[in-house]
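Below: the structure, in structure tokens.
Every chain is named by a letter (A, B, C, D and E) in the order it is written, and numbering of its residues begins at 1.
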């Protein structure tokens, strides 16, 4: 029997806060990437993107109230960068800690001059493993800061829409941009769930056609992933709900109308996750019942063959006994020892008896429905 | 053993929003049908239905406040049609997006001059697969717009009641018509659940009579469908509750009294779904216990037959051994080799011993209750 | 093995509203019974019961404010009767629809001049099937209308208490009578649950004594019934709670004090139902583990007997081989062929070896604890 | 195999209200015990207990506001006694019904001049069965009435503390005494749960050492008892919470501070019950997996032995066939019939082949890990 | 098969309140440790720690409002010490009882001049058993009292941070110190859960590579521990939430901002616990399905070998019968007895028939997919 497929899965890390460190201490991982800072500056008429080396001059740039700014930060390897956020923009140190310790649940927190929010960006890598990256937002009145740990992400479509300027993305301010990014991230969940839904359908087909143990392994793997995505989707829903009910001036009603749409999407995500979980469970039930059925079939074959032939073999064994008709030494006749052996039709009758036993047994098993 | 029945099921699609597209962008699928627009115009005295080519003139027609209008739209392949809704009737683009992306959960949203609502129309096709079509409503003060993707639906009875004019359907305004349609859709759920309830009863009968593996497959299929209908029924209940608690002038108290009735029906639907789910689970439990019982029966047959005949065959084997009473070469007598073979009643005694062993074993198994 | 007992169960109907019919249309089933109308008229001093042919004169009778009236209606086959309720007593048509479509959940609805309520009357028929009849109430200030579909019911004790006049039943008005009837109906639930509790105890005894497959069937049957009674008990609780919190003048505080008692009973019902469900589940778990244990025992018997005798039979088979000590044709001696057969104690030694093997195996199985 | 232990359990009665009897009718069971009435009279300085024959004079005694009184009533066989409670102390008849129908859930009800409360006193009898006795309280401003059905109880420590006068039991009024009794009753739950916790630990040890079917029976018994104690603990919690939130003058804030402590204990009880339930479930899972494992082991033994010896026996059977080398009648040579039998080393080679087959199979099974 | 590993687990005690003792009585266990009292005295500039012999002089020391004090008490064997807390600091006796009876759930209680709180300090000992120690806080305006039963703990990092004075630990008052300690304790939960997460990953690897019964034992052990940690984490969350919503002046908003961070951590803990529980359950499901699969494989081997060789052995048995071709006594020819034995190619044909049967069976099993 083939070995179950080896899933070279990356371990999911339960990133630990460094026990005993000061709260609000910014933690930069050794393997953190060098930050790339892109400054998108746009309004209805114009769009410009430039790469910054650092944030030193940013405060000055952002005084221009005619443009909306998107400060896109990828990679965290610069303590100085974070310190400027505190110094120039008054960002609380606990928030910077949350940005750099990338194991936060989706949440939003409101402060006087800015809103902090966290989304989880989910992507399937080439081995179908679930990558789970933190995407953090700091929203001010005319700017949106976003923070991501790695360079890869799933938000290129937003960048191109911003460049093209279709729809109202350039005219609706920084909170609308935050919405667009959050919605973009949630939309990728649909793709991932769609892929898993297809896999579950495929597994179900295998269940009907030729179920083997990979069914179990594959379903469990999807179930595990569904647990992970649910851990993300529920707090995401809470976050969006918090935004909807918040009364910060930074998120105007116009944006909230769209957030409500994203909230609906998130409910649908949860809905699909729960359905897929039920389908997984139902596949596993199916599989276990199929295994039991197979065991029954195997045992039926064994029992039918054994039950038919063991008694016949016993009869053959009887007439293979060597009870003698004469004592070889004294020559005394022993006529009661196996006289059947010396009947003219002994062999024939024996064969007939054997055949009759076999036929009766087959009828018995047939009646029991074991041949169906 | 027969193959399990192949359910040529249509895959359930988790319709994906097109990731990265602008929010509020109307999406027309390539396979969308050409729209058929029926305008029903009625009041207590008269009823008229006409087919429109487009909605261009509709705004003018609807200024007639002596009639109630039902604008029934089937098929979405006309971007122009949706644009008129925005231009002439001020419908929000996000709503048009929800109408065309037909994967919405039941919901209702209130705006100043109209109410938007979504129902899910469920129907069983000829293969007993569940068709799940979105049916959207836009309610204004004297008109109801309805939108459906396909031409087939389950609301012909409403059309005939409108034509006949029985009851107060023609005199109670557009919100009452919306109620009648929503209630009609919910009523079809009863029919579907009734059909599944009968199938579950039938499966239960098979469990008692001759359980085979189709029991498992069929029950799982119904369970899967129940999961789907539950995904519809719970938000439907929430939607109706939202309507009951809303204070829009577009849905008067008179209509709400009926909506409350539809709400009761929806609760009953949920109630039946949960009961049927429990019955499915109980059928599966039964089936698994029946399989285990069968395995026990099979193993009992094997064990009884093997236990009786294997020892007997061993005894026969003993007396089939060729230990010689004389050395064939030297002619030396070997009187201790199998002297039983040369007893006058050796054969008889052996047969008696064998019968005794068999009888003792049968008594043993009888006492254990294995023959029951 | 005995066939599982056939439960000639009546199918539980999910009575369907007739899809597409007008809301509020009174539906009289073809098989409806001819109505029997009993008018009970009583106050502290007097009690009189008379059978009415129709309700035509009832409005006039009920103007007598010195008596309380109980209009008891059994059987629905009279459209005229229901129409009088609308005409003379102003009862909403939706309510009459609810009365005649007898699949309502327990509920109460308050209107200006009357209260509408539904209870479910549960009874066990002679085959221990659960009969589930709708019992509807319309309460006005000095009268109580009750509606039941069939002639049989469980409320004779109330009728006799009314006749005898013990307690305050005759002096506490129509709302108290409604309470007494509702409480009477709930009390029968206790009897039914008591009967099932006894059956579950009995099943548990069988589990310990001689478990067979009827255990599974019987437990599942009770579980199925418990699902049904729970479907009734939860909305019953909600109904009573609604009455407790309602502020209609038709149900005075004096009656509510008693309703609170009925509410407590209903909570106890739910409590017992949940306990019995857990006990059912636990019985099923037990049964499945007993089946597994039995399988183990069966397999042990098979394995012990096979393991002991198959090797011995093999040895006997060895010495049953016909390798010749002389070539029969050439007469050449073949002294290496089975010399054991020509040893003086060959047979004895063989038997000793066989016995040793058997004893060793028995010791091995003994150590493994297989004989316990 | 040993029979499972017979648990001579007392049936748990779902005490039924006598259907159809008047509400508020005091029901005295035939087997009710003759009442013993102890009147404890105490204040900071003095303590006196006396046995009363009846309650006739009690109202007069209780006018003494310098003492606190505890009227302890054991046994219900006196209708007169209950009637005095109504006549002299204005106790509602529904309450007296609740006291005598001893199947009430824990609850509290406030009235103008008294508070009614119910606790459930749980005790393990000598057979480890759970006795569940109702203990009812009526609290007035300077007296506490308690009612118990049987003479045995678990509150002797309270009686001695009252006699000794340690702590503030004698100085804190009747509501504090009620608290002490309620807390005493809850504390016995800890003891019972502790005993079951020990049993579960013991069962777990048996699971590791030598699991047999008593594991299942014993765990199920504890699980059943846990269901019962949970049925008591949850409403007990609600009752204490109701007392905490009530604003009756009969329970002063000083007492509530202690009630809050009892409430904490009750939460802990629920906590432990839930944990023990999870541990029971986990033990059952363990047990079932152990049974499955054992079945695997049994089957491995059978399969290894059968697989090795059945082919060998077949080979021995081959060479036990009697195909003749000469026709016994015509004397015609038949050299193709079993020439192996007449080879010089035929026997030896056969034995070698057999040994080789056995060794190969052993290697095969070894590789499969079946010997581990 | 190897014995399952013996987990020398310490029994988890459900510490019982001593039933019947006075509420508020301080209980000192016999095995309590002699108290070690460390007084930390610090402000922005200075830090001093000294060991006190008793608390007699403490009230005087704490009048110094320029410093914050941490009174760290390890070990409870001094009734006098507790009595001073009541006498000098007005601590309620019920609180002292809660401190010494170390089975409290996490909770917080506010009083006029102090706040009482309980945390549970969890640590893994060298055998990976979960140690669960109570850590109690009494917070006053310029001092924090902490109480722990044993000398070992996990809060050395806090002590060193206090000594070093990094961050704002020395300047933020006693409530901030309480936060730091609570957060430190919660942070150790992450470490423990991380360790169990690794173990579950490891178990999962074993499931894929070579599953044996230790998988079940180890998973159950972790599951048991998860139940215990969950019993701690949920009330911990409630406690932190209570603190957040409290309006005591002892916990300023500045501290609450940090408490909110700890609350977030606690939510994450619960989140991880629930995920790990689901993973445990999924591992157990996997394991059981693997066992079933293995059983199938074992049975297939047995059935294939038995089915092939049992019929062949029967045929060999046939031709091992001794039906005679001549009557040995009368010499009468019996030509119908087993003439096959005297055919020239009888042996050959028989072998061919046997081979054909074997091949047909192998093809049959191959088609059934049993060799895969």
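Assume a residue touches a chain if its C-beta (ideal position, glycine included) is under 8 Å from a C-beta of that chain, and two chains touch if they have at least 3 such contacts.
Protein names from UniProt, one per chain: A, B, C, D, E = Magnesium transport protein CorA.
All values derive from a computational prediction rather than experimental measurement.
A.B. asks: After a C-alpha superposition of chain B on chain E, what does the rotation angle come to, in degrees rounded to the nearest 5?
C.D. replies: Value: 145 degrees, nearest 5.
A.B. asks: Find the geometric centre of each of chain A and chain D from their Cα atoms only, then give the gap between the two centres in Å, rounded to an integer.
C.D. replies: 40
A.B. asks: Taking the mean of the CA coordinates per chain, how far is chain C from chain D in Å?
C.D. replies: That gives a centre separation of 25 Å.
A.B. asks: Counting only residues that touch at least two other chains, what does the list for chain C look like?
C.D. replies: 292, 295, 299, 302, 306, 310, 313, 317, 320-322, 338
A.B. asks: In which sequence are the chains arranged about the ring, given a start at chain B and a first step to chain C?
C.D. replies: B, C, D, E, A
A.B. asks: Could you pull out which chain E residues touch chain A in their complex?
C.D. replies: Those residues of chain E that touch chain A are 156-158, 161, 166-167, 169, 180, 183-184, 187-188, 190-191, 193-194, 197-198, 201, 208, 257-258, 261, 264-265, 267-268, 271-272, 275, 278-279, 282, 285-286, 289-290, 292-293, 295-297, 299-300, 302-303, 306-307, 310-311, 313-314, 317-318, 320-324, 327-329, 334, 336-338, 369-370, 372.
A.B. asks: Enumerate the contact residues on chain A facing chain E in the complex.
C.D. replies: Interface residues on the chain A side: 1-2, 4, 6-7, 11-12, 14, 16-17, 19-25, 94, 103-105, 107, 210, 212-213, 216-217, 220, 223-224, 227-228, 231, 284, 287-288, 291-292, 294-295, 298-299, 301-302, 305-306, 309-310, 312-313, 316-317, 319-322, 325-326, 333, 335, 338, 340-348, 350.
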